[in-house]
Every structure is written in C-alpha cells, then in structure tokens.
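Naming follows writing order (A, B, C, D and E), and every chain is counted from residue 1.
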Amino acid sequence: MAIGGLGQLDQEYDGSNLRIGILHARWNKEIIDALVEGAIKKLLSLNVKRENIIIETVPGSFELPYGSKLFVEKQKRLGKPLDAVIPIGVLIKGSTMHFEYICDSTTHQLMKLNFELGIPVIFGVLTCLTLEQAEARAGLIEGKMHNHGEDWGAAAVEMATKFN
Amino acid sequence: MAIGGLGQLDQEYDGSNLRIGILHARWNKEIIDALVEGAIKKLLSLNVKRENIIIETVPGSFELPYGSKLFVEKQKRLGKPLDAVIPIGVLIKGSTMHFEYICDSTTHQLMKLNFELGIPVIFGVLTCLTLEQAEARAGLIEGKMHNHGEDWGAAAVEMATKFN
Amino acid sequence: MAIGGLGQLDQEYDGSNLRIGILHARWNKEIIDALVEGAIKKLLSLNVKRENIIIETVPGSFELPYGSKLFVEKQKRLGKPLDAVIPIGVLIKGSTMHFEYICDSTTHQLMKLNFELGIPVIFGVLTCLTLEQAEARAGLIEGKMHNHGEDWGAAAVEMATKFN
Amino acid sequence: MAIGGLGQLDQEYDGSNLRIGILHARWNKEIIDALVEGAIKKLLSLNVKRENIIIETVPGSFELPYGSKLFVEKQKRLGKPLDAVIPIGVLIKGSTMHFEYICDSTTHQLMKLNFELGIPVIFGVLTCLTLEQAEARAGLIEGKMHNHGEDWGAAAVEMATKFN
Amino acid sequence: MAIGGLGQLDQEYDGSNLRIGILHARWNKEIIDALVEGAIKKLLSLNVKRENIIIETVPGSFELPYGSKLFVEKQKRLGKPLDAVIPIGVLIKGSTMHFEYICDSTTHQLMKLNFELGIPVIFGVLTCLTLEQAEARAGLIEGKMHNHGEDWGAAAVEMATKFN
C-alpha cells in the first residue's frame, strides 16, 4: 500500500440523521465518478439515507471552496441544511505551475472553510503527480490501493457527529 | 492535450440576465487579448449580452485582486452590479523569484476574494514557465491546446447562476 | 541527536489546576500511541491530574484544527473547559503531493488556532520524510531520539500557566 | 529584456490631485535610491506635485507592511491622507532561508494591505537571486533593463484614480 | 559579509521613554543568549532603560507568535504596556520537514501579529541551514558577521517611535 498506517474508525458512527453534501469538480471525470461512488457507498454503510446525500458540481477545484459555501447556503435556504460537505477534486501535475497554485490555494481555503461554515469540510482533493496515482487512489487499479472516497465519507460522518 | 481530463458542462447555463466583469492585466498583451476574446466569445454563446460584459484593466497581476474589488464596487456605485468577475493575467517565469511570489500571493488573494466580494471570482491567471506555454493556453498555437479564456467564461456563468 | 540544542525548562511549572486536551489523528497508530503516552507521562510529572487529561481522536491530520475547535467547545459546553490542547498527528511523505499540502495547511491553521481559541495550541505534528524518522521522534528506536510527545506536554503546561 | 511583454499604459492618468507615499527599506541603499528616484520621476511626469510625494523609511523589508500602515495612519492624522503607497525594498538571496521567508510573508501582507488600508499598495519589492539582477531592475546596468521604480509610480497613479 | 548592503539608521532614535519586550525560545541556548545580549546592548545604546527591557521565554519558535500576544497582554494588565516586542528564535534545518513548516507558519504569524497587537513586532528569528550559519549571525564566529540581535534592537526603537 502506497500510503501506510491507514487509520481505523475508533467506534461505529451513525449517520442516520445526517445530511451530507458532496460537491465535486468535473475534470478527470472517470476518477471523480469513482471517488464520489466510494464516498456514497461509505455514507450509506454508515446509515446515511440516500435521499440525504446531496450531490452538486462545479467546473474545477479552484471553485470548490466558494462553491461549497454557496452550496451550503443554498441547502440552508431550502430548509435542508447540510451537516458536512465533501468537496472532491482531482488535480494532476501539468507542465505549467497551475497545479501548484491551485492545490495550495484550494487546500488552504478548504481548511479555513470549516471555520467559516461551522460544519466539517472534508479534504476530498487528490493532488497527484501522475494520472495513475489518481486512478490508484480512486480504486481504479485493481489490487493497488483503496478508494479514498470511502475515507472521506467516513470522516464526514465522524466529524459531523463526534463532538455533538 | 497537455491538460488531460478537461471537464464538460453538466447542463446548459443561461447568462442572459448576468453582468460579467473582465479585469485584465496588460503584460503580455497579445496573449491577454486572445484570452479576453475567448472569454467574451464563450460568454456570448451562453447568452450574456455584449453590453453586459464590462472590461477594465490594471497594470499587472498583483493589481488584479484589489483592482477587482475596486472594479466591483465601482459598478455597484454606478447601479450596474456585476454577477461575477474574471481577473485575467499572464505570468511567465523570469530569472528572479518575482514570478513565484506574485503567483502565490495573487492566487491566494483571488481565492479569498470570492468570500470578500460575495460573487464568483474566476481564476483567469496563467502561471507558465515559458512564453510558449502561455501562447498554447490562449489558443495561439494552432492544434496544440484550446483557449482557456473560454473555460473562464463558462465558469463565470455557471458559478453566477447555479446556486441561486 | 538529530535535533540539536533542545531547550530546557526555564523553571518548574505546576499543572495541578489545569485541564489539558489531547486530540490525535489515527493514522500510523503505533507511533501516535507512543507520542500520546509521552505527552501524558510528562503532563502527569508536572502535576496534571490523570482525570484532567482528556483524549479524543479525529481521522487524519487535516481534521486536527477544526476538530480541536469542536473539542474545545464541547468541553466548554460540558462545564469542563480546557486550558490547552495538544493536537497530535504523524504525516509521512508519500508519492503524491498530499503530504506537502496537508502539512502546510494544517500547520498554518494550528498556528492561527491559538488566536482563535484563546488557549495554547501546541504543535504536535510530525512532518517526516520516512517512517523511521517518525518512529525515532516517538522514542520507538532505542537510543536514537527522545519522545517528542514529552516536549508537547511540557509546552502545554508552560504556555497555559506562564502568562497568567 | 529579461522580463518580456511589459505592459503599456491604457490611457493617460493625471496625478495632479494625488498624494503618494513612498516607504522604503534601507538595505542595499544604492539600488533602493535608484528605484525611489525612478518612482518619483514617473510620478512627476504624471503631474503629481513634488510636495505631494512623501518619502519615509523603515529598516528592512519585513517592516514594510506594518510600516506602511503606520505611515498611512500618520499622514491621515496630519490631515494629509495618502491616495496610494509604494513600499520599496530590495531582497537578495543569501545563504540561509531568510530571503525566502521574508519575501513570502512580506508579499502576502502587502497584498492584504490593499484591503486593510483601502488604498492601493503597490508591490515595490525586488526578490532577486543576485545583486546584479537587482541592479539591472533599478536601471543601474546600462542597456540591460529599465528602472522598475517607474512602473511602480505609474501603477500608483493609475490605481489611485481609475476606479473613482 | 554574507549579507550585503546592510542598512544604516537614517537618524538617531531615542528609546528613553520606551518599554521593549524580548520573548525568546529556548532551543539552541548559546546562540539565543548571544542574540538577546546583542538586542539588549543596542537598546541600551539607544537610551532604553534597563528596567524597561522585559525578557520572557517560551519553549520553541512555534510558541513565539501566541506567546508574544500573551506576553503583551500580561504587561498591559500589569500597567506596564510594551511599545514593541522582539520575538527571538533560532531554527536550524533538520532531517525532517519540521524546519520548513515551523519557519513558514511562524514568520507569517509574526508578520500578522504587528497588525493584531498594534505595536511593532520585530522578526528576530534566524532560519538557518546549518548551526554555523546561526552562530555567525549571533556574532559568535570572530570576524565573520555581526550580531543580528543588534539590528532587531535598533528596529524596535525606530518602529516604536518613528510614526508617532
């Protein structure tokens, strides 16, 4: 396993009363789709109801932080407030420095967004040097790594319930 | 294509009621002009009216964040508030570290500006290691890449309408 | 010793009236456990009562800053406010850029968290290039380095009492 | 020319009603002096009156952001508010990492300072790897590059008038 | 001299009415002690009274920003407000990435602290790649460099008086 020491759940969490938003970018669609599926699968396994998993998209990862804010506010306006949001994006190093600046600014803003929104914002962004690295972390390369979307789903349920 | 996995629109967006500001730096004029044209072309194709695309300039990319704020505030004072702003700049690595510090501070501030201004701020800045990389991303090298200004125009319309 | 010039306590601190929270990530469990034990041992030696050391977990290091906030707020709600919090995580360089972006955003936010929470937030995060480096800093490699958890426990008591 | 694509003014700006502050660090005095002179020359050519160009100093570049704030506030207290400030510093890579951390923190804070002070803060800091690079950008090496102080003077007048 | 172009004072400053705080970390004690002595010596030479130089410590450099805030607030509570604070630390590159993340977060927060505290916060942190570099900048290697603590003392007096 490329990333060693993967953490285990410390207890069973129950997501049956939670509403979880998934906001994903649309670049690298096949990988994104697998990650979103992984997150949904884990959320369902932790008792989140399918109708309480709300999925929306933005164009790219740079739009994830502000898009998450707009998404969370819209759900609140609709009377269906979210208990956590999972922004999902796949960034892959290209020949310019675009990757570095997008990764850096997006990560910092998603970190701050937890504090701004007052609900857990999970870091569902892959920052990979190659396409293959991203595929492996989406569970798309048989026998190589697990689907990281599952970790993000689990983290969302845990962070949304643990400190209540 | 140097940047793989380009995202597609998830639905048709209608910009007919939107006012979009484009604020561009004036360095590397030929490339900037092409990017601005690409953004305009896409905005028009998404039904933004030509008279509702407002174009203004600042000297360099460092001026884009604060200039965007002044631009947005001025349009509001004029009774013509913008629904999104697309700051456009072209930064190319030189021999000093100027490129790195300008790219870094500008990207972070444009990210935060979404939250400060309360309207979408699109990341229309190319952070390239060579002039040719920038030309390719402005659609100026036949058969190499597409004009990224188009992506920015599309992102502006989507982000300004999606969460209303 | 890999890190030279280790600082000594400037005076004896008394933690007998303090409540200290330890919030740790669950990746690299064996190393985390050793660091947590090191912190507890030092806290006890500075007269913090065992029942006043509160331990909680989050999935990964990215969750440490916001988790610390939720943790601190919960203890306050319970009428048992914390005087300092020690977020503990172990990050090890992998093949993608995940390590760099998590380390960077987590460190910056833990720094700011001191100011946000108004109590000392100790930097209990190892940012290592190899697993062995982390093991050494957790006191798990005989004769190589000391357990850094001890430093964090000492820093928590000092910072929570010194400026009162 | 080491920096290609230099932007041109989009129109003539009139600085005859402006008060512009120049705050410069005192390291690398010969280069600083040339940059300050370049800025003054350009300001005068754009009709800023000599008595409305206020010059003050701080020890080093790290002092530029907070010094700019104190400078701006003092001029306001004196009933002579500034319309823009040009912080000028020359940083040259040395053998420690001092250069990197000063450049990074200073650039970020000058960026934010625009928003904090509500007047344009021009980025008049050279971040060079060699002394010669700095000399060239101050117009001190015949036939090599232009004096960047001129760009900063022009940017100050433009940014202080354009969005009124 | 490893750092060229050292700035000179632009005028004589009088610190006779100032209270200056020095907050230093305790790692690399010999070097820290020399830097603190250098700062004190310069403060005295600028007429700061010895009883108005208040010295306090924190464990490591990461504690300098929040420690400075606590230090400044405590002196205010005691009716003895500080006019400037000089946080002093010595960071030396080790085998993990600890150095980079501590340097980065500490520098950024000390920069912001000027604005948060409303008094000058001098950057008294050495960010060195080797122990010898730090020793040289503390004036401990005969004939190599000067004691940078002196610069920090001078900067504190200048910044605390200049804009009044």
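Convention: a contact is a pair of C-beta atoms (placed from the backbone, for glycine too) under 8 Å apart; a residue touches a chain by one contact, two chains touch by 3 or more.
All of these numbers come straight from a predicted model, not from anything done at the bench.
With steps allowed only between chains in touch, the distance from chain B over to chain D comes to 1.
Matching the C-alpha atoms of chain B with those of chain E calls for a turn of 145 degrees, to the nearest 5.
Here the spacing of chain C and chain D, counted between their Cα centres, is 42 Å. Mean C-alpha position of chain C lies 26 Å from that of chain E. Of all residues in chain E, those that touch two or more other chains are 104, 108. Taken as a graph of touching chains, this assembly is arranged as a ring, one closed cycle with exactly two partners per chain. In this entry the chains close into one ring whose order, counted from chain C toward chain E, is C, E, D, B, A.
Note for the complex: chain A touches chain C at residues 2-8, 10, 93, 103-104, 107-108, 110-112, 114-115, 120-121, 123, 126-129, 133, 137, 151, 154-155, 158-159, 162-164. Only residues 25-29, 31, 56-60, 62-63, 65-67, 69-71, 73-74, 90, 92, 94-98, 100-102, 104-106, 108-109, 116, 131 of chain C touch chain A when the two sit together in their complex.
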